[in-house]
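Chain lettering (A, B, C and D) follows the sequence in which the chains are written, and residue indices restart at 1 in each chain.
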Amino acid sequence: MDAVYVPLPNNLHVEWTLKALKAGKHVLCEKPIAMQASDFDALEAGAKEAGKLCAEAYMIVHHPQFIRARELVRSGAIGKLVHVDTVFSYNNAGDVTNIRNKADMGGGGLRDIGVYTFGAARFVSGAEPVSVPYAKVRYGNGVDVFAQVAADFPEFTYSAIVSIRMQPRQEITFHGDKGLLRLTCPFNANLHDLAELVLENDGQRVVTERWPAANHYVLQVENFGASATTGAAYPCPLAFSRGTQVMMDMVFEAGGPA
Amino acid sequence: MDAVYVPLPNNLHVEWTLKALKAGKHVLCEKPIAMQASDFDALEAGAKEAGKLCAEAYMIVHHPQFIRARELVRSGAIGKLVHVDTVFSYNNAGDVTNIRNKADMGGGGLRDIGVYTFGAARFVSGAEPVSVPYAKVRYGNGVDVFAQVAADFPEFTYSAIVSIRMQPRQEITFHGDKGLLRLTCPFNANLHDLAELVLENDGQRVVTERWPAANHYVLQVENFGASATTGAAYPCPLAFSRGTQVMMDMVFEAGGPA
Amino acid sequence: MDAVYVPLPNNLHVEWTLKALKAGKHVLCEKPIAMQASDFDALEAGAKEAGKLCAEAYMIVHHPQFIRARELVRSGAIGKLVHVDTVFSYNNAGDVTNIRNKADMGGGGLRDIGVYTFGAARFVSGAEPVSVPYAKVRYGNGVDVFAQVAADFPEFTYSAIVSIRMQPRQEITFHGDKGLLRLTCPFNANLHDLAELVLENDGQRVVTERWPAANHYVLQVENFGASATTGAAYPCPLAFSRGTQVMMDMVFEAGGPA
Amino acid sequence: MDAVYVPLPNNLHVEWTLKALKAGKHVLCEKPIAMQASDFDALEAGAKEAGKLCAEAYMIVHHPQFIRARELVRSGAIGKLVHVDTVFSYNNAGDVTNIRNKADMGGGGLRDIGVYTFGAARFVSGAEPVSVPYAKVRYGNGVDVFAQVAADFPEFTYSAIVSIRMQPRQEITFHGDKGLLRLTCPFNANLHDLAELVLENDGQRVVTERWPAANHYVLQVENFGASATTGAAYPCPLAFSRGTQVMMDMVFEAGGPA
């Protein structure tokens, strides 16, 4: 198997992913693989033409906690899903040379970590946002440093806080009419904190599931290798990644100009 | 000390509080003491005329966790406060005769429990909302059963979910640029869960403070009694309660008609 | 129903319980109801003669957490029970006039709180200790202030630490070959801490059960009243309390003279 | 730097460590490096003669949680240390070919994991056991599969449960007259669970310290390399390892023959 991992700045992802595909490589490219949803037309065409696997390195969906969350939410473990709320933040204010603080390299919090708050809700629910009725996006050095987002999905509502100017924090809660499912460390499992899935749907019992030994980076590479060599369906296809980018485009649009 | 506790339906609070004041009683009235901010003119006038203490039974600010949270946030323990997010929900869908499901008695989730999510942010920060740029309010039986709120305070932003059609949940987080302060059970301390204040402002240390023996209802009555008999300042004066109602009026306005 | 609650110093329990029974009262007496196991002969005879309910106020077995622990352990939820370990401590070194620091009033840590560590293991397992092969008991002011105990039950072993000269702590764990059941606050539920029952018997899932609204003192009085008036079996009969005293006598014997 | 890591069965540790030293290598040997305390005479002589670093691969003392625990306990953060209790267990009953279930290869739970429960108490307190007044050791297939241990240190007491036939569990608590220090996952940090150090020494505040990114195996190798190349003092010298073996010998002696 001949594969390339693209770790370049965000603004170079599409260009180099396409070049690598043309060179006959399978490509795993860091998130976000694109800068806007329309870029996916070229990526999908490039992958098809090359007959190679092309995917966004979006490790979180390879973690058993997300696979389990999806299973629980879709099977009705929390009743009807009413609202999803999520936060992802860290503070790199002191690191102005960081690529994430550079507008011309595709920096900013939404592309860096907001991508997880959007995709996580989509992955677990299987639904796509209908609209983003409210987004307050604040900019610093030309990159978005804070975003407060309200989105409407067909059957539930969504809130997110994404920031690269706040104390590190990460969580996502799927809040139903009859239950609650929380991931205590959804995005950097076992680095930021122990990743636990907590299910409350009974006044008395709380079920916590944990995978202390799971490493989503390892699982991602294993899954990528398996799909590239056997042709098995990859858990995070371009169609999924496009949906996250569609939502991000909606958020930027709702947030107004920098 | 001659005092009255008013536990009537919300729509009767103003009327009977005024009657009790006129009868020469100190009055402690269940929250929300009013139906709109303008009601406070009559309440304040009535209390002044009677020379009696008149207050809203808003027990949460008597709990040591809120006094401590206020002290920590204002002293800079989390750096600059950037965002407050809070949730309060329970599910009484099956209880249609409940007063909280009756529009003509001042029912609905915002008046019943939203009042805590608004006042808690105001009490801890000492600030007042400038605007409510977004509120999605859903109605059932004529009462609000779900609200998603985004508010702007002068120096921070605010998000809340308030619902009487969702799995029980309550939490509030004060999220700063250099720290995080959470109350794990802010509104029904030690009934819903153990009330803990958790402070993270160091990559390594988390400080948890707990008051398992504190009972905010008892503290409220003690404080009320002390203020009524000695004239000492009451921790939750009408001016504070009015501010919460002002915010609620803004939310209803932003949410649009039922 | 005519009943008496005996809250006297430990050394007076038997005498006044018998007097109250003779006066035709149902009697609920604070733990330990006796000073040695042989006292139970008189207590049982007295209750029988009076035709009244006589019981030790041993509130913990009325709490749903212990009823649930018993059910889980006996149903094999942790496989075969291999070992029980428990701790109960607080520090009253500074309070020398406290009755618990007075030898002639039946003071000492074992009678005050050791009684819970012994009875809890017996209640949940339904088994009685065969021997106490090791007990280190330290005395201060003539009362036991620290005890380290190793006991053998027919099918499992037992360790306890009981002290009135150490930082407050309370916990009990039932450790099986295939599972673990912990009570995080077994003895002063919701005063010392939130009482949670935590079951681990699967590498991945941890089930926590909680009863934040349960009050074992209230449940005890309700159960006592129900048994006294209807003749229903009382959850904590004298035969059970005698067994705890038998174990305490074994511990004092193994620990040697003061 | 020329170094050897000895991962052989326990009964071969001394022989091959000595051979490697003679061959001029620095040696890091898996725990327990010896089978009885007297073996350390040869090990220390061998290391001295070779002029090389020889140490037991005892990773836990390289973890910041143990360095911090030592600092806190010795600085009086829990008042006077009164008792240490610890548990380490897992269940390999179904794996009879496992080297840990083979007597002739130095198997058994005490050598495999008991070594951590003994050394952890010694490392943090800096004290050595005076006696082991009680040890119940049960054997299976000729190896110890369960041990309940009571030990006396000069100023505190000690209890341990060590088993390779019980549900996985690991914890250690340093219990003082004025405080409590717990390590929630002392021995397999971040594999078994998130490693947290919890300090309670105030009725209200609990301080938790965490090092989610620390890896004691990496730190061990770094420390070994640094000491081997620079001659800096190694955090876990043979003299320390000998003390743990002395305690183990006392436990086997107290426990009686297999």
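Convention: a residue touches a chain if its C-beta (ideal position, glycine included) is under 8 Å from a C-beta of that chain, and two chains touch if they have at least 3 such contacts.
Bear in mind the structure is a predicted one, so any value in this text is a computation, not a measurement.
> Consider the two chain pairs B-C and B-D; indicate the one with the greater count of contacting C-beta pairs.
When the contacts at B-D and B-C are counted, B-D has more.
> Can we say the copies chain C and chain D touch using the same residue numbers, with more than half in common, or are the two sides different?
Mostly the same residues.
> Rounded to the nearest 5 degrees, what is the angle of the rotation that puts chain A onto chain B, matching CA atoms?
Angle of the fitting rotation, chain A to chain B: 180 degrees.
> Please report how many Å separate the Cα centroid of chain C from that of chain D, as a whole number.
Measuring from centre to centre gives 35 Å for this pair.
> Go ahead and note the Å separation of the Cα centroids belonging to chain B and chain D.
52
> What's the distance between the Cα centroids of chain B and chain C, rounded to whole Å?
It comes to 42 Å between the two C-alpha centres.
> Can you tell me which residues of chain C touch two or more of the remaining chains?
Residue numbers touching two or more other chains: 210.
> Mapping chain-to-chain touches, which pattern fits: line, ring, star, complete or other?
Contact pattern: complete, every chain touching every other.
> Given the complex with chain C, which residues does chain D contribute to the contact?
The contact residues of chain D facing chain C are 78-79, 82-83, 85, 87, 89, 91, 93, 133-134, 136, 146, 148, 150, 152, 157, 159, 161, 163, 165-169, 175-180, 200-201, 203.
> How about chain A: which of its residues touch chain D in the complex?
Against chain D, the touching part of chain A is residues 190-194, 210, 212-213.
> For chain C, which residues are in contact with chain A within the complex?
204-211
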